[in-house]
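Following are the structures in question.
Both complexes below contain chain A, partnered by chain B and then by chain C.
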Partner chain A sequence: MYLLDIRNLSIEMTSPKGKRVKILDKVNLRVHAGEIHSVVGESGSGKSLLAKAILGFINPRWTVTADRLWWNGKDLLSLTPKQRRQVSGRDMAMIFQNPNSYLDPNSTVGEQLAEAIPAGDVRGTFLRRRVDRRTRVKRLLHRVGVRDHEGIMESYPFELSEGIAQKVSIAMAVAHRPKLLIADEPTTAMESSTRGQIYKLLARLSYLQDMSVLLITQDIGSIIPESQHVTMLYCGQLMESGPKDAILNNPRHPYTDSMIRMSMQRLDDLPHKSRLPTLPGSIPTLEHMPIGCRLGPRCPKARKECVQVPRVSKHEQHSFHCHFPLAEDDS
Partner chain B sequence: MIRYTLRRFLLFLFTLWLLTIVTFSLGFLFPEFKHSDPTVGSYLAYLSAILHGDWGVSMSTGQDVTEQLWIHLGATIELSFLAMLLSLVVAIPLGILAAMNQRSMFDRWVVSAAMTGYSIPVFWLAQLLILLFAVHYDWFAITGQITPLYDIPTRTGAVLVDVMLSDSANASLAFWDAVNHMVLPVIVLAMMPLTMLIRIMRDATLDVLDKNYIKAARARGLSELKLMRRHALPNAMQPLIRQLGLQFSVLMTNALLTEVIFNRLGIGSWLVKSIYERDYPVLQSGLLVFASFILLINLLVELYHAWRYPQVRQELYAEY
Partner chain C sequence: MSPLLEVKNLSKNYTHKAHFLPGKQVSALSDISFTLARGEILAIMGETSSGKSTLAKIVAGVETPSSGDIWVNGQRLEKHNYRQRCQVIRMVFQDSDASLNRQLTIGEQLDEPLRFNTDLVATERRRRIREVLQRVGLLAEHAEFFPHMLATGQKQRVAIARAILLEPQIVVADEALAALDPSVRAQIINLLLDLQQDMGISYIFVSHSAEIVKHIADKILVLQHGKIVEFKETAALFDAPTDDYIERLLVTSGHIKQQVDKYAKEQ
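Our next item is the complex of A and B:
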């Protein structure tokens, strides 16, 4: 059984000009318990929206439809908003891009961490509870790799560096031992060494607590090395999904292929003054979504058939939505 | 924080010093009054007199100014603190409730009432209230602090405190009589800061409720009550506290008017009287104390703000 099983999730909104637009178009996503799953997509691909849909924080004016939105075998769409909030508050957690703006600027890190610890965990009588809470906060900080717990607990968020702030928000997120941690571009504005630390930490927590991580990022070159699965999104449509090695070494979708070549290519391998290997054109706006496969106008392999939405092709766990997939690499 | 406090305190002392120069120049700038010469020597004499508590003698009553000063200041402090307290107690919940039910009927009523209240001049509002509640209904007294029958000795000037200090047999009756005298002036005086504070509080709460840390805390499953109490309210109070010093200055200016209208004892009515009577020593020291008091309140508010919201301290120095 999957921890999270999403089939044909669509989110529809009314554009400023009154047109109905699908910002997510029949997206599938499956996450096993304890696995790290990367969702890759450029801006506007709907990747953050997907995360919000899982947590149940969608603008009430938008319509959410899905053939299946199952959490641990339970249908999330049949729950009332309040039950939904309970489930996501108990089992899921999320971390974000600017960790500092997600911390209350006027209370100390220690206070905020103490608040994140579930009341049921704290043991002892009234006076002992304070002490117990404090040791738990300390342990939580150690678990996310903060050694100087005394200093950090007394600090205010504005005194922390980006990396530490992200570690603190991870600590707050995992305090109630969620089953799924959604990380929405957690390292985008960070230095690469800090990013490495955060990724290592996420991988270790996932392993130690048997927690799934849904890592949302915009660059396939910077996905977490430990991730087992990768899903590619473009303009709200699913392009390709599969095990990480299959996606990276043998992409079947032209979009994935070009993303990989763009981000992994070393610039000095290119001939002098040659064009960079990018897709032509730019990401379409909401009002001007192409029909059929939304990559169509930019795809190097597009033909007449691409005005129809391609059906899914499957090869073991590897699935892709393309009329003209790249050849399978036998090696 | 110690460095910050020291810096603020030095600035406060410097401003006080500038104030003494201004009040000193009053002594020779008035055409018909040549109390002192514009020389350094006479300024130093004036300064040392002030520091030694020798503030001169009133030209109209012949009484010692220093003694009178404390009594009048006490009365004004009492009135303005009660007014500020009233406006805070009303404005904070109203502002929060309006923000939490944004665009509802309640919100619209609060916002338009605040706007209307802000536009009404204090002296006009005072007379309207007098007409309605004192003349028409005869609920409240309109002049003085207390009915003279009770014969409460003036010690601090703050009439409620005086009643409590006195050993009069009718202390509790006297207390309610003093309260009865105080209701209208306090309401009038509270009106201006009240309407401002409602709008500040509403905007601040709206702003804070939209912040990421509030959404994150809500997503973590924190109850709405805890969310408001622990995160939304303390952060929304920050702009309000920052504005408090300024609001207090406005309130003190209005206190001057209110005291005259309701014929109350206080530094405002004392000053106005001294202007009519060309009582320059009173005018000089009254101005000095009035301004220093506003400065002191501003200093205290600022220190509290910086102490409670450490982020502010950082913004005052360099970014790092």
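Our next item is the complex of A and C:
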């Protein structure tokens, strides 16, 4: 059974000009327990919205429809708001891009971490609870790879480097042992060495605690090396989804292919200062979404059939939405 | 011949204000000297709070140095002579949303630097704006648009148009590529390289992306705690990083490349 099973999730909103726009258009996503799943999409692709829909932070003016939005076999859409909040509070957690902007600047890291520990976990007398809480905070910090726990607990968020701050926020997120951790571009503004550390930490936590990680990122070049599945989104439509190796070695969708070729890591193969491969045009705004396949106007392989939304093609676990997919490798 | 840009013994101190006592001095940059030749790309790298943005701002004239000089073409840049500075050095910021005025059309915003720094009449200015918009890959009609009508990549193009409008010799880009989507980022890199080829502009790039720096920069300046640790040709530095700090900055995460390469070998 899947931990999270989403079928044909659509979110519709009314644009400022009164037009109904689908910001997410029939997206499928399946996450197994303990799996690392990367969602890749450029800005405006609805990747953060997908995370919000899973957690239930949805603006009441938007309409959410789904054939299936199942969490552990339970239908999330049929729950009352209170039950929904309980499920997301107990089983899910989220970390964001800029840790310093959502850690509380007025209290020390130790105090904030102590707050994050679930109340039911510490029992006994007043003093006993205090000591217990402190040792738990210490253990949490060790678990996320912070060695100098004394120093970090006493410091305020502005004193931390971005890597440590992100580790602290991960510690807060995993304090109640969630089953799913949603990481919304956790490393976008970081140096590559810090990014490597954060990714190793996420992979280790996922492995040790059997926690699923849904990593949301802009660039296919910055997915976690350990991730098992990759899903590509563009302008709210699902482009391609499948096991990481299949996506990277044999992309069937032109969008995935060009994203891989544009990835900064492939720059080494090009001569110094040469021009980079790129997609023409720019990402359409909400009011001007093309009909059919939304990649259409920018796609190198587009033909007149592309004004229809393509149907899903499946090859084992690898699925893609394209009228003219790239050739499959024979090997 | 003198180099295009020469920075000599530049330093910057900030003073923490105290009520009665003399304030505490914090040194953001100390004793920075480097040169930049025509048509070269210099990358400034360093960890957070190593002073790389401060250096870029001082070179562009946003902040004044505590001591030291900047020379361009053998001419010393005076502290408050913005007209002189604008003609040779311009800057592109990270967030194009914040650096464009949302109450003015693109045309009005591009008109301002021309009005303040040149003696052109209105028709000539309009012609210049049209040309520059086309040069950065937009249409002349975009002059009538307001910033919110454009996509992020197009806004960054407008910011670049504003920077090259006065035909400067140096453009300072402070993390101008960091916030962009991959497809847009590749387009902007191509645009910057094309502009360099056509107009012979030198760039000073502040960046933390080792991949981009390796691809476009000719020289790298590495800063740590406001001091220069290394100033060297890109290829030489990537081949043999001289200490741990530099090595850590230059890490390129290569798992995609490795995987694609491995797969290609198997074929």
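As a convention for this text, the second predicted complex is superposed on the first by the 318 of 331 C-alpha atoms of A that agree within 3 Å, B and C clash if a C-alpha of one lies under 4 Å from a C-alpha of the other, contacts with A are read in each partner's own complex, and residues count from 1 in each chain.
By our rule, a residue touches a chain if its C-beta (ideal position, glycine included) is under 8 Å from a C-beta of that chain, and two chains touch if they have at least 3 such contacts.
Computed from a prediction, not measured in an experiment: that's the story for all the values here.
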> Just chain B (first), just chain C (second), both, or neither: which does A:300 touch?
Replying inline: neither
> Does chain B (first) or chain C (second) touch A:98, or do both, or does neither?
Replying inline: first
>> Quick check on the superposed pair: does A:116 touch chain B, chain C, both, or neither? Answer first, second, both or neither.
In response: first
> What's your read, chain B or chain C touching more residues of chain A?
Replying inline: C
>> With both complexes overlaid on chain A, does A:151 touch chain B (first), chain C (second), both or neither?
In response: neither
>> Taking the superposition on A as described, I'd like to know which of chain B and chain C A:86 touches: first, second, both or neither.
In response: first
>> Applying the document's definition of touch, where does A:258 land relative to chain B and chain C: first, second, both, or neither?
In response: second
> First (chain B), second (chain C), both or neither: which does A:124 touch?
Replying inline: neither
>> Based on the A-chain superposition described above, do chain B and chain C contact any of the same residues on chain A, and if so which?
In response: none
>> So in the complex, the part of chain A that touches chain C is made up of which residues?
In response: 42-43, 161-162, 189-193, 195-196, 218-222, 225, 245, 248-249, 258-260, 262-270, 272-273, 275-279, 282-285, 331
> Which residues of chain A touch chain B in the complex?
Replying inline: 55, 57, 85-86, 88-90, 93-94, 96, 98, 101-107, 115-116, 156, 158-159, 169, 172, 176
>> Quick check on the complex: what are the chain B residues that touch chain A?
In response: 211-213, 215-217, 219-222, 230-231, 234-235, 238, 308-311, 314
> Which residues of chain C touch chain A in the complex?
Replying inline: 41, 47-48, 151-154, 178, 181-184, 186-187, 189-190, 193-194, 208-212, 214-216, 234-235, 248-249, 251-257, 259-260, 263, 266-267
